[in-house]
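Two complexes are shown next, each including chain A; its partner changes from chain B in the first to chain C in the second.
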Partner chain A sequence: MSLSASLPLLILLSSLVPGLVIFLLHEESRRLRTVLNLLGATVKMILVGVMIWGVFHEQVYETRWTLAPGLDLVLHADALSVLFVSLSTLLWLVTTVYAIGYLEGSPHRSRFFGFFSLCVTATVGLALAGNLFTFVVFYEFLTLATYPLVAHKGTPEAIRGARVYLAYTLAGGMALLIGAVWLRTLAGPLEFVQGGILGGMEHLDPWALRWIFLLLIVGLGVKAALVPLHGWLPQAMVAPAPVSALLHAVAVVKAGAFGIVRVVYDVYGVEFAASLGVLALLGAAAAVTIIYGSVKALSQDHLKKRLAYSTVSQVSYIALGTAVLGPLATIGGMVHLVHQGVMKITLFFAAGNYAEALGVHRVSEMDGVGRRMPGTTLAFTVGALGMIGIPPVAGFVSKWYLGLGAVESGAAIWVLPVLVGSSLLNAAYFLPILYRAWFKQPPAAWPGGHEQAVGRWEIKGALLWPPLVTAGLAIAAGLFAAAPYSPLEWARLIAEREYSS
Partner chain B sequence: MNEIALTLVLLSPFIAIAVLLATSMRWSLALAAVPAFAAALLTPVGSTLELSWLLLGVHFALDATGQLFLLFSSLVWLVAGVYAAATPPDPGRRRGFDLFFLLALAGNLILVLAADMVTFYVGFALMGLSAYGMVIGRRSQRARRAGRIYLAFTLAGELALFSGLLALAAAVDSRLFADLTGIAMPPVAVGLLLLGFGIKLALPGLHLWLVPTYTGAPIVAVAVLSGPMMNAGLLGWLRFLPSDASGLADWGSVLMLLGTAGLVLGVWLGVMQREPRAVLAYSSIAKMGLISALFGTALANPVHTAPIIAALVLFAMHHLLVKSALFLGVGEWEKRGRVSWVMVVLGLLALTMIGAPFTGGAFAKQGLGEAVADGLDGPAALLTLAAIGTALLMARFMWLLTRPAARPSPICRVPVVAWLALLPVALWAPSMPGAIAFDVAGLVPLGAILAALAVMAWMDARWPGLWPHGRSSDELNAIGLALRHAKRHLPALEFQSARLRVALAWPASAPAPSQGTLVIPGLLWLALFLGLLMAAVLSH
Partner chain C sequence: MNNLLIWPVALPLIGSLLALVWPRRADWAGIGASVAALAVAGLVAADVMRHDSLELAIGGWTPGLGIALRADGLSAALLLMSSLVALATAIYATNYFTDAHKRADFWPLWLLLITALHALLLSGDLFNIYVTLELLGLAAVALAALGRTRAALQAAVRYLTVGLLGSLAFLTGVGLVYAAYGTLDMSTLAGQVRAEPAAWVALALMTSGLLIKSALFPMHFWLPSAHANAPAPVSAALSALVVKAAFYLVLRLWLDVFDVALGPAAAGMLGVLGAFAVIWGSWKAFRAERLKLLAAYSTVAQIGYLFVFLPVLLASAPGAARDLVFGALVLFALTHGFAKSAFFLGAGVVLQRAGHDRIAELGGTARALPVTTFGLALAGIALIGLPPSGTFLAKWQLMASAIEVGQWLWIPVIAAGSLLAGAYVFRVLGHAFGPGEGVGPALAWARQELPALLLAVVATAVLGLGAVHVWSFVVPGLAIGGIQP
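Presenting the complex of A and B:
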């Protein structure tokens, strides 16, 4: 097999193999497990680096197995998949480091890291999927690989959260499957092609296509937490912090959003979808979700729940950017795929640190945490400001392009009040946290009672560095947005290729 | 070479932050603005700096207007920096203030040198939001309330600006200010920009944040807020609404009306205040009202634009310097009480404020008068009105200073030196030779001030309870009280007013959730959208 045919497969294997091996490891073989984890993540990084370079220079990477005539399992690299693959690879590495530190000494670590690797494998497979069939396969795989992670703690609450998660996502998966099969019978093999494939098929019944679109979006919308399909997400926050971080930033929620992007751009084609009128529907759903999520976040005292509703709101920026016709909005949506991931993972890392070091789970307990944990709180601050959209953090760049796209399209000018309202609401639920953390006096004793022994840093390095690194990335992605190979430039490349065809 | 100079100007606040964090040397506060001041004097106009990889592509340039803003702003920042550095810190608290001071400075320098919209916005946002950390200074209940209100209005301003920027950028397909000349401005963009900067310039209706902030924040913060930061709003208008663009004339008329209203409101409410700071705050509202009205005149009368704007910038620079110096002086007065030399210096500053003969104020005012002289009766009358109004306000201000200050506190000598060093510049800026040229018209306000003083002395003696001592009220406070009153009669209001009341009323009875304050900008936004909608309907 040549490199161009095997590279997508190798990328998949670089997390699949360590994951499977880790299942077999003894619980106590901590060092070997860590080496395997980090080795897998590093190898994947290198391979993805090669792929980025190649896709930029218009190389073709494709692995294809024919399962039955007309039913191919395809892994294919284009600019969009590379965007998602590099995000998940990078954040996987960081989260692995964090998880190793976070779970130190807790039971069932082999099980955890095994499923953790499978989860990333599913995400990467989904990113590299070259047709709708492959996408659906990995989408279901992801559901199953994530369930044990949500339930990991084994408490009744965790089991319940995981059940809700499973009920929602399996139902969503069903809708997606039905939609995909229906479309398959109408239109033949559904390869992802830049510019879409359905636009060229004039014999198809537009109403059938509209219904199929609805089914697909409902299926994907469950994972992307579009209102009213979002119910599982706030419940899933019972998962351990690294899982929440990955869930909200890369794996599940992002998979849904990524799927929406794929269906709109590479199956229907954005212009064809607009002519069907289904984009308006998607846009309305996204706008409602954005505002609803923010409003709900306002009243949450539990920090992780507030962050969860914030995710509900922020991920829909991606769907919103997809729903507005025009390259600028496309850039805004695509780049937010990366930006939201980097910022939200920072926030969840920080939330995990507060819980771990101080036993602080609620916003009302966060008075003065900035004094006690300045590094973590600095990272949290960067993430929060980015979510509001304050320059130079990455969120500003997303908001700028989304807004510009909305104004330029003319018809979608209503997006602007949504963005402004969302920013105000984001400020309303994040700034009070920052005020508490930095400006209020810390309490005499933290809720956790037993403070973790402080070494050189506020918390052990494996937990401190990941949020600092991702916060740095969030700033870098905004500050150097115009530099080559930045997420923004990459999103531009995607938009160029989507609209040129 | 010039690129290096501009880089140094922009980097110096960040270097100062690093120094501060590493060594706790608070003198970095004062030194951070030195490169900017030097560059304003030495770097030639026309220098540019382009960083295409930064943010969305960043462009800096030093033009003649920018040079003036840079010069005067950095001077005030420098003095304020000395003042802050020499003031003994509150135990355990000071570093936060220092960091926000430097961040706000960085934002101010970025926006003054910015040559494209996004860079300007970034600087403006950085400056405005960082100032929050300065406003809440000592964390007193009053300061925290001021901070909440300030932050809510600032955020609303940022978002209006952001939306206006998008509308403008989409219309011209460029982010450079240079590409804005001669274009047809989209009305929505103009409305949003006027609103966004109008909050910073405290146009009537958008000014509600100003008085609580100026009376509640530490004096150093007020000095930079009332000077450089407020004038950044004017620079915003100058940059984003170039006089030769079309579609601005109607907006100019709106601005004339609004500005005049601000002038009247500022004088009217200002003379009724009980605290020197509050009088100065309303005086700022009045002055900015005048400046806005004249800027509106310039937009509405394209023939007169260039001379008016040239004179207006000088006038604004003079005000920037004098107002900052006045506030620093009020700080001394608050610490020392009625020391005679403090009163003399403040008196001199008040004189230049009202444009008495032989001061820079007279020169700046004369310049404005000449610019509007031919054929514009309205603005000329406005200038007279402003002169008399300012005289009244300064009379009230000086009158209040004769009362004992509220809280004597430790005295430090270094800041006084910096303040006194600022005095001659403030007295004679923008032009000393111009100031020396005698102008009889300058005697009119002087007469007015004396008359007003006499009337006030008489009224105070006649009705001793008329102007009670103590803290000033402000309009938000009044709104809160009115709501409390209304609630008693209209139970249905209770649901909404609970939040508003907590946000607005002072002293707040309970610790307030800060999101409550966002109701105000929310309402502003609603009003704005309705207004724009109406404008759109009417224009079709």
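Presenting the complex of A and C:
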């Protein structure tokens, strides 16, 4: 097999194989497990680096495997998949380091890291899926790989959260499956093609296509947490901190959002979708979700729950950028795929650190944490400011392009109020946290009771560095947005390719 | 002329006799016969791949007078599946029966069951099929009664009565066929059957007998108690293989012999019963309190899917469209065979380890028996029909074909059945992951835990990733090639 045919498969295997081996490892072989984890993540980074370079120079990478007559499993690299693959690969490496530190000494680590690797494998498979069938396969695979992670703690609460998660995602998966099967019978193999494939098929019944679009979006909207399909997300926050971080930044919600992007751009074609009138529906759902999530976040005292509702709101920016016709909005939506991931993972790392070091789970307990944990709180601050959209953090860039896109396409009348309103709400639920953390007096004793002695730093290095690194990335993505290979430039490349074809 | 076809029947029979006369070495007879039967099943499959179909007239008597054995893609695929499942189950059984008497009773009956099953799959005439069906039923009843509990005996008596009723109906149908056409050889019959009352009545009688034996809703009432109360290796074979044998005969009769005598309404009726079975069986499985009862009701549901395939199959245009559905149907049957046997064996391990199989009290199983829990989860994935299992691809094809022939009714049935299956599988896993006693070794008993895991891996990964070979095996003419952009 040549490199161009095997590279996508190798990228998949670089997390699948370590994952399967880790299942077999003895619980105590900590060093070997760590080596395997980091080795897999590093190899994946290198392979993805090769792929980025190749896709930029218009190389074709494709692995094809016939599963059933007329149904091919296709792994294919285009500009959009590379955007998502590099995000998941980078954040997997960081999260692995964090998880190794976080779970040190806790039971069932082999099981945890095994499923953790499978979860990343599924995400990368989604990113590289070259047709809708392959996407469905990995979409379901992701559901299965994530369930044990949500249930990991084994407490009744964790089991309940996992059950709710499963009920939503399996039902959503079924809607997606029916939509995909139906569309497959009408339009043949649904290879993802830049510019879409359905626009050229004039014999298709537009009403059938609208119904199929609805099925697909409902299926994808469950994972993307579009209101009213978002109910599982706040419950799933019972998972261990590294899982929440990955779930909210890369794996699950992003898989849904990425799927919406794929369906709109590379199956329907954004212009054809607009002519069917289905984009308006998607836009409305996204706008409602953005506002609803922010409003709900306001009233949450539990920190992870507040962050979860913030995710509900922020991920829909991607859907919003997709629903607004025009290259600038496309850029805004695509780049937010990366930006939201980097910022949200920072926030969840920080939340995990507060819980781990101080036993702080609630916003009302966060008085003065900035003095006790300045590094973590600095990272949290960067993430929060980015979510609000304050320059130079990356979130500003997303919102800027979404706003420009709305003006360009004439949708400003409803998009701008949504953007402004949500930014104000973001400020309203994040700024009080920052105020408490930095300016209030710390309590005499932290809720966790005993403070762990951690040496020189506020917390052990494996937990401190990941949020600092991702916070640095969030700033860098904003400051150097115009540099080559930055997320913004890459999103621009995607938009060029989507609209030129 | 090909003598190979006699061996998948003869080897288990020889093993059965050996186990009978030499009970202390029965384990060896059982395993040896199973391995040998698997090997010849592989040879038969290889031959079928080369020649499309095989035939053996025993003793050189021509069909019509003598007995003919036949194998084509369908029977060879099922033969291979059943001998593989039988071997894995036999390995499991060597460690299952602690009571020497039960062990001595088990092996001869077990090998007789396999003999009857293989003979049924390879038989080419209706009378022979009746004999093997009867033999299969009796061996199954005797095995189901091995548990020797009151519940097991009651269930076995009911199983016996119902089974005899089914055989009787089948035999009456066979008699009618002979009266009307003067032959019982299926390939000769296929050319003579016309759309006339004699054919309809005969087919109706034979089919109703087989529906009872395959436990299609609402004739499923006997199955859950019989399958749930039998010893674990027996449950695995009953659920994975025996009910499927009856379905196999329905398929043979409807597709190969009586196809000219059929209208679409008849298949539609079976499909509707299948749909009820899917919903009712899945719902009862979801409500079941015991793991083995859950698995038994799940069989009721999965058999229902097989019958849902029928109307779609017969409505698809002969040729590529029908071949696609047919391949999917076989893939579904094979995957269910592996998945269900894996599930029952896993349930058996849990039952022996914990002393009970009450689902609500399974907390800690994931910790105590990680390998078995993983096997149950993999088998569960195939039962739900999630990727990468074979059932996922089969369901995809079923839905696609149903849409193409305009039978939209089945789509919500499949969707609801799959979601209910998700609910019952993950109800078990949810409890298994829950808090509870004990941290056991990673692999408690290799001989007991590994067969279930391997069967589950076949159902989920091998049949899923290699599904295309199932299509090319059972419908050799079908163009498979991927669509190049």
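Structure notes:
Assume the second predicted complex is superposed on the first by the 498 of 501 C-alpha atoms of A that agree within 3 Å, B and C clash if a C-alpha of one lies under 4 Å from a C-alpha of the other, contacts with A are read in each partner's own complex, and residues count from 1 in each chain.
What we mean here is this: a contact is a pair of C-beta atoms (placed from the backbone, for glycine too) under 8 Å apart; a residue touches a chain by one contact, two chains touch by 3 or more.
What you see is a predicted model, and the numbers here were worked out from it, not measured in a lab.
Once the two complexes are overlaid through chain A, chain B and chain C fit side by side, free of any clash as defined at the top of the document. Within the superposed three-chain model, A:201 lies out of touch with both chain B and chain C [touch as defined at top].
In the superposition on chain A, A:284 makes contact with neither chain B nor chain C. Of the two partner chains placed around the shared chain by superposition, neither chain B nor chain C is touched by A:46.
By the document's definition of touching, of the two partners only chain C reaches A:69; chain B does not.
In the overlay built on the shared chain, the residue A:170 is in contact with chain C alone; chain B does not reach it.
Between the Cα centres of chain B and chain C, as seen from that of chain A, there is an angle of 160°, stated in steps of 10. Of the two partner chains placed around the shared chain by superposition, chain C is the only one that A:162 touches, whereas chain B remains out of contact. If you count the residues of chain A touched by chain B and by chain C, you find the higher number for C.
Here chain B and chain C sit at a least CA-CA distance of 38 Å once the structures share a frame through chain A.
The part of chain B that touches chain A in the complex is made up of residues 52-57, 96, 118, 121-122, 125-126, 129, 136, 139, 151, 155-156, 159, 162-163, 166-167, 169-170, 513-515, 518, 521-522, 525, 529.
Across the interface of their complex, chain C is touched by residues 23, 26, 64-72, 108, 111, 133, 136-138, 140-141, 143-144, 147-148, 151, 154-156, 159, 162-163, 166-167, 170-171, 173-174, 177-178, 181-182, 184-185, 188-189, 191 of chain A.
Across the complex, chain C meets chain A through its residues 324, 327-328, 366-367, 370, 374, 381, 384, 386-388, 392-393, 396-397, 399-400, 403-404, 411, 415, 418-419, 422-423, 426, 429-430, 433-435, 442, 464-465, 467-468, 471, 478-483, 485.
Looking at the complex, you find that chain A touches chain B at residues 298, 389-392, 397, 399-400, 403-404, 406-408, 416-417, 420, 423-424, 427-429, 431-432, 435, 438-439, 478-484, 488.
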